[in-house]
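Same chain, two partners: chain A is paired with chain B first, then with chain C.
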Partner chain A sequence: MRSILPVVLALVVAGLIIVVMGSNPLDFYAGVWKYGLTGNNWQDSLRLMAPLMIIALGLIVAFRGQLWNLGYNGTFLLGSVVASGLGPNLFPVLPGWLVTAIIILGSLLVGALWSVVPAVLKARFGTNEIITSLVMSFIAIGVVNLLIKGPVHDPNPRVTAPQTATIARENLLPFIDGTRVHIGFVVAIVLALVAQFIVSRTSFGVRLDVFGASPKAAQHVGISRSWMIILLFCTSGALIALAGSIDVLGNVTYQRANWNPGYGDAVMPFVFLARLSPLAAIPLVAFYSVFANGGINAARSVGLNSDFLLVVVGLILVFMTITEFVGEKRRLGQGYLPAGMKQSVMALFGPRAAAPVKVTTPAPDKVTTSSSPTTTTTSTPGKVTT
Partner chain B sequence: MSTIAAEPGVISLREITKAFPGVVANDRISLDIVGGQVHCLLGENGAGKSTLISILAGMQQPDSGTILVDGRSTPINSPKAAVDLGIGVVHQHSTLVPAFTVLENLMLGETGVLRNETRAKARLDELSELLGARIDPDALAGDLGLGQQQQVEIAKAMWKGSRLLILDEPTSMLTPQAIEKLAASVAQIKAQGLAVVFITHKLREAYQMGDCVTILRGGKNVGHIGADQLASFSEAQAQRAILAAMFGDDVATPEAADLAGATEAHREVDDIELGTKRVRLELSGVATRGHGHDVDIRDVSLAVHESEILGIAGIDGHGQAALAEVVAGQRSAAQGTIRFDGADITRRGVAGRQQLGLRYVTDDRLHEGTVGGMSVAMNLVLKRIGQRPFWKFGQINRKAVDAEAERLIADYAIKTPSSATRAGTLSGGNIQKVLLARELTDGARFVVVNKPTYGLDLKTVKLVRQILTEFAAEGGAVLLLSTDLDELVELSHRIAVISDGEIVGIVPNDGRGTAERVGQLMTGAIEGTPATEEAHA
Partner chain C sequence: MSLLSASVLAAFLTAIIVQTMPLILAAIGETIGEQSGVLNLGIEGVMLVGAYSGYVAAISSGSPWIGMLGGIAGGVVANLLLLVLNVWLGLNQIVIGLAITIMGEGLTSVLYLQNYSKHPQSVPGSSWAIPGLSDLPVVGPSLFRQSGIFWVLLIAMVAIAFLLSRTNWGLSIRAAGQKPSSLDAAGGNVLRTRSSAVLLNGAFVGAGGAFLSILTTGTFTAFMTGGLGFVAIVITMLSRGKVTWIVITSLLYGIAVAIKNPLQLIGVSVPADVFQMLPFIVVMVTLILFARSSIVPPALGSPYTRGAR
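Up next, the complex of A and B:
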C-alpha cells in the first residue's frame, strides 16, 4: 500500500500540472499507455528495463548495508565505455563470444575498482561515502568523455562528432526469439532473483541486514566492518557498470560524449518504494520503464518537454516521504505536529497569555484553601497592548 | 490532600498525566517541591521518574495536569521556559561537550552576541564556592573525572540563577568518596534556599540525603513521606515505610530491601579456593591502540579461574569497553597475549572465540547486542549465523532456528508474544534475557558481562545476578564489568579496579569494607596519589 500510494498521488498531481500547462492529462496518460505498451512498444520498454533493473540491484546492495553509493552515473558510463570502446576494436579480430565475455568481465572489474576508492576511504578513515562516491562519479564522467574524444573515438575520419564507432549488428547481444528484447533483460531478471535468494535465504543476507541495521552489532557478531564496506561497494559498482555495458551491447550500440541517461537518478525512488527488496523492485522498475518509454513520445504528442518525466519522479519521491512520515506517526499514535507546538501556539492566544515577566506578587495573606488562585492573578488587565 | 497550593517558593505538580503508546508513564502525579528542601524521588526503572523530569525541564508536554509556580499555573513549553523559571537539570549521562573547555560548556546557553568571559569566570567562581569544589575553567570537559564533570553539570544547571536543581540518578557512577562530596554540595545548595529534586533508586541515599521522599511505582505516586514525618522516623522505620510503598503490599522482605539498596551490600557468592581452580582466561600485558574516542587499555594482566566471578570496578569510560572487546575479540590486541584454557587465542576473531565458549554480553543491548528490526528468533542465533544446523549449505533452516528460539525463550522465561516478534519491541529486561540466553547457551565456558543490570527493573536485576552466579557455580568463569559497586561486592570473588585503562589493584572480596577499599583505589588512581593498598591477590 505504501509502495503504490505515492505513485498514484504523483500521477494525480502530475496530471494537475499538465492541466495548468494547458494540455490534457488524459491524452498524456493515454499516450503513455499507447507508446509504452501497445504494438511492439512493450519490447522497447523491456529493453530499457534491462539496465534500470541491474542498476536498481546495484543500489539495493549498497543501500541495504546503509552505504550511500551515489556514484552510479559515473560508474554506469565507465561500464558502457568499456563496451563502446573495446567492442568496435575487438569484435573484428577476436571471436564474438570471447569479446562479449571480455567486455562483461571488464566492466564488472572497472566498476568494482572505481568503487574501491570511496569504500577504502570509508572503511579506513570514516570518510562520508556520499561525497566521495559523488566526486568519483564526476571524475568518471570526465574520464569517459576524454576517452571518447581521444583513444576510443571512431577511427573513421569522416566522423567528427565526439563518439565511438558503432558495434556491428551481428555482434550485439542476441534477441530473445521473436522479439527485439535482448538477453540482457533475462540477465537482469535472473540477477534480481538471485539477489532475492541471497538476501532472504542465505547467511550472507542476514549478515548484510545486521550490518545495515547497525555496524556495531555487526562487529559484535564478528562481521568485519571494513571488509563488508569494501565488498558491498565493489559489488554495487560492478553491477552498475555491468548495466552500462549491457545497455551499449544490447541497445545503444555506440556512445557519444556527454551522453548520460541518468538511469540511477530515475530508479532511486523505486528502489526505496520496493523497500530494498530485489523481487519487489521488478514490478516497480517495470512500471517506470513503461512510463519512461511511453512518456517520452506521449510528452511530445501533447506538447510537453520530455524532462516532464523527471518531474513525475521527483513528485514520487516527495509523496513517498510524506506517506512514510504520516504512516510512521500513525503507527506510533503520535500527532503530526512537533511536540509542544500546539500548546506553545495556543498559549499565545490563550487567556493566560500573561507576559513571562515575573510580577513577584508580594506574598499576600496565605490562602489556605485552594480557592482557584488563577482568578485573582488574571484580574489585573492593566497593561493590555492593543 | 496537601493544602499549600498557593504558597510562594513552591513548584507544584497537579495531576500530571503523560501517556506513551502502550504505557502510561505518569498517571495523575501530584507533588510539591519546596525551596530549601531536598525532595527525593524514589522508584524502579520505568516508574516514571525520567518522564516527570523531562516534563519539569520542558522537554515533554504533559497530556493533562498543571504545573503551579508560586501558585500560578505556568506551562513549561520548552527547555528555555524551564531555564527562565530557574529549573536546572543534571542528567544521568554527561551532556558536556568533551572537546570544549569547562567555561565554554558553561557558556553554551548564553544568548548575547559577544562572549563575556570575565563575567562567566566570576560566575563560575561564585558557583564553585557554593558547591565547595574547585573547577578549572580552562580544562577540557573530556579530561575531567566523572565526579568533576558532574560538578560542572551542576554549575551549568545553576548558571542562570537556579531555583530548582534536579539531579537525575547522580550517584550511579560515582565512587563512595565522590558521593560524599556530592552530598556536601547538595547540602550547601539546600542551605541557599534552593529546592533540590534528587532522583535515585537506592533507598539508602534517599534516607541519607532527602528531607522528604516521594515514591513512584508504575507511573503513580504511591507514597509520600513529608519532611516532619521523615525527621521523626528512625532509619528502620523509614525503610519499612518506603519499601512498603515501593513493592506494594507484599511483605518487605530482606530481599526487597537488598535490591532497593537499603542496606550495605555484602557478598553473596560461595567461597571458592582459587588455588585449586584452573585458570580459564589469562591476559598478560595486553594493550589496545587507537580506536577513536574511548580509552584504550595498557598493560593489563588478569587471570580468571573456572567457577570464579572476577569483578572489574571503575568509573565509566576508563577502558572497560576496550577490555571487554579485546577479550571478546572485537578489538585486536596491539600487545600482549590472551590465553583461553592455556591456548593462545590472541589472533582469533569473534566467531572463533565464540565457538571455544568465550562469550560477551555487551552493555549496549539495543544497538550492539541486538538488531531491533529483526525477530527474537534471529537475534537468538545471531552469533551462529551460517552455522549448522541453522544454515545448511548456506541456506537458512527456519525450523531449526525457530526450535532453538522456542527452547531459549522457555529456558530463560523471555516474555515475547512470539519468536517472530521484532526484538526492538521487547522491554529492556527481556532484551537482556535474550542476550544472556544467546551467550550462555551451546557450550559457554567463560563470559564477559558489561554492566549487566544497568537500567533494568529489580526483578530482572535479581534474575540476571542469579543467572550469573549459577553459571559460575557450574564451573563457568565470569568477568564482570560494572560501575555499580554494590553489585560487584555482591557477586564477585575478587574485584580488580581499572582506571584510565590500567588495572590499579585487585582486592579480594572477603568480608566488610571491600567497597571502601575499591573506592580508595579508584580515587587514589584518579587524583594521582599512589594507592596505599596495593594488590595482594
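Up next, the complex of A and C:
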C-alpha cells in the first residue's frame, strides 16, 4: 500500500496544478487512460516499457550496492547511438542476426567502459560517484551529438538535419505475434526475472546485500570493495546502454542530435518505490509506461507541455520521502531507501573516512528498517589519508 | 580581423563576464549551504526557477532590477521545499535534490510554453558607463560598461566572503557543517543556522539563474541552464568554501565557454557541442587530478537531530 500512496498523492497534487493552470484535471486523467490503454495504445505503452524496465534494472544493480549512478542519461544515449550509428551502415552488408548481436554486445561494452571511469575513481580514490557519473553523463551527451553530426550522420546529402539514417523495417527487432510490441519487451521482463533470481536466490545476491549494507563488513567477509564497485557500476552502465540500443532497434529506428528522453529520471522514483526489488519494479514501471505514453498526448490535449510529466515524477519523489518519514515516525513497515544509502552523502569525496559506529539505541526517528537485521550504522566524519 | 584587436578582446572579456557570473553566484549559494551541512543537489532546478521568475518579473515590470529581485524571490521559494523537507524533517537530501531539479525543469518549461512561447519577449538591457574608466581601451567597453546589477552582485559576493570567514554568523554556519552538536552545545541553534543558510543559498542560486536569463541571454528558454547547476556543485566542492577559489575556477569555466567566438574569428571552426562539453571535461580532469585534496564539511548531508548519536 505504501508503494501506491506517494503516487496517488502526486497525482492529486498534479491535478491541483492543472486546475491552477486553467485546465480540467479530469480531462487530463481521462486522456491518460484513453491514450495509454485503449485501442492499440497499450501496445505503445509496452514498447515504451522495454527501455524503462531495463534502465530500472540498471539502477537497481547500482543502488543495491549503495552506489549513486546518476549518469544514466548519457549512458543511455551512448547505447542508442551504437544502434543508430552502426545499424544503418552494417545491416546492408552483413546478415541481420549478426548485426543485431554486434549492436547488443557493442552497447553493453560501451556502457560498461563508460562507467569504468566513475567506478575506478570511487574504488581507488573515493571520489564521490554522484558527481563523477553526472559529469561523465554530460560528456557522453556531447560525444553522442558530435557523432550524430559527424561520422554517423545520415549519408543522404539531402538530409541536412542532424540525425542518423533510419534502420529499415525488416532489420528491426521482430514483433511479438499479433502485436506491435517488439521482443525487447520480452527481453526486459526476462532480465527482470533473472535479476530477481540473482538477488534473492544466489550467493552473489547475499554478497551484494552485505556489500550494500556495509562495505567494511563486506571486506571482512572477503568481498573486495574495489572489485564490487567496479562490477556493479559496469553492470549498471551496460544495462542502461542496452536499454538505449533496444529502444532504437525496436522503437525509434533512428536518432536525432539532442534527443534525450530522460528515461532514467522518470524511472528513478519507481525503483525506490519497488524497494530495489526487480520483480516489484515490473508493475510500477508498467504503470509509469502507461502514464507516460498516455500523458504526453493527454497533456497536449489539455494545452500543457509534455514536460508536465517531469513535475509529476518530482512530486512522486517528494511524497515518497514524506511517506517514508511518516512511516518511520510511526514505525510502520520498511523504508524505501536502504539505511546505508541515507548516510552515503556523508562520505562525499572520502568514503574511507567514514568509519561505521554501532548505535545501540537508535533515536526514534532513526529507527532501522524492520527487515534489516543489522544495527544502524552512522559514519564518523573526518579526513583519513589512505 | 586580428585576434588581438581591441574590439575582439573586449567582446571576449564581456563574454567571459556574462558566462561566469551565473556560475559564481550559484556556486557561492551552494557554498553557503554546504558549509552549513546542507547539500542542495537541486540547484539546477532552483536556477531555472530563478531564471524564469526573473524573466517574468523583468519583462512585466520593464526593469532588469525588479527582474533580479524576482529571480531571488523565486530561488528562495524553490528552496523552501528543501528547508522544510530536509532541514526541518530530515528527509533524504539526494532524493529531494533530484526532485527539485526535475520539478524545476518541468514547471518552468510548462509555464514558459504556456505563457510566453507564442510571443517571446526580450528583457530590456541596461548598462552603466562608469565615467572615465569606461573610455579605457578593452576593459572600458567590457568591464566598465556592465549593468549596475553586476556591481551590486560583486559587492554582495565580497560581503558573503567576509561574512563567511570573519563573523560569528559565518562561524555558526561552519560549526553547523563541521559538528552540529558543538554549535548546539555552545548555545546556537542548528536548525535556525541551517535555515538561514538554505534561504541564502536559494537567494544566490536564484540570482544566478536570473542573471543568466536577464543579462547573459536576455531571454528565457526551457532547460536553459544545461547542467550549469551541476558544474556549480563540483566547483563548490573543489573550492572548499573559499570564495576566491570559486571565482578562479568559475573563470576557467567562463573562458572555456567564451573562447568559441575568438577561435571562430581566426578560422578555427570547432562544433558547438565541443564547447558545451569542454567545461565538463575540464571539471572531470580537475576531479581526477585533485580528487583527493577536496574536502567537504563532515556533517554534510546528515540531518541534525538533537540528542541523537
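Simple rule for what comes next: the second predicted complex is superposed on the first by the 331 of 386 C-alpha atoms of A that agree within 3 Å, B and C clash if a C-alpha of one lies under 4 Å from a C-alpha of the other, contacts with A are read in each partner's own complex, and residues count from 1 in each chain.
Criterion: a contact is a pair of C-beta atoms (placed from the backbone, for glycine too) under 8 Å apart; a residue touches a chain by one contact, two chains touch by 3 or more.
Because the structure is predicted, anything quoted here is derived from the model rather than measured.
By the document's definition of touching, neither partner reaches A:Gln66: not chain B, not chain C.
In the superposed model, A:Arg201 lies in contact with chain B only, and not with chain C. In the overlay built on the shared chain, the residue A:Met268 is in contact with chain C alone; chain B does not reach it. Look at A:Gly222: by the touch rule set out above, it reaches chain B but stays clear of chain C. Contacts of A:Ser214 after superposition on the shared chain: chain B is touched, whereas chain C is not. Judged by the number of chain A residues each one touches, C leads among chain B and chain C. Within chain A, the residues touched by chain B in the first complex and by chain C in the second are 343-344, 363, 366. On chain B, the positions that touch chain A within their shared complex are 3, 5-8, 21, 58, 60-61, 70-73, 75, 77-78, 81, 84, 328-330, 349-351, 354, 360, 362, 364, 367-374, 378, 382-383, 385-386, 391, 394-396. Those residues of chain A whose C-beta lies close enough to touch chain C in the complex are 21, 68, 70, 117, 121, 125-128, 130-132, 134-136, 138-139, 141-143, 145-146, 149-150, 257, 265, 268, 272, 303-305, 307-315, 317-318, 320-322, 324-325, 337, 341-346, 348-350, 359, 363, 365-366, 378-379, 381-383. Against chain B, in their complex, chain A makes its touches with residues 201-204, 206-207, 209-210, 213-214, 216-217, 219-222, 332-334, 339-340, 343-344, 347, 352, 356, 361, 363, 366-370, 373-374, 377. Interface residues of chain C facing chain A in the complex, by the touch rule stated above, are 39, 41, 81, 85, 89-96, 98-103, 105-107, 109-110, 113-114, 222, 227, 230, 233-234, 237, 271, 273-274, 276-277, 280-281, 283-284, 287-288, 291-292, 294-296, 298-302, 305, 307-309.
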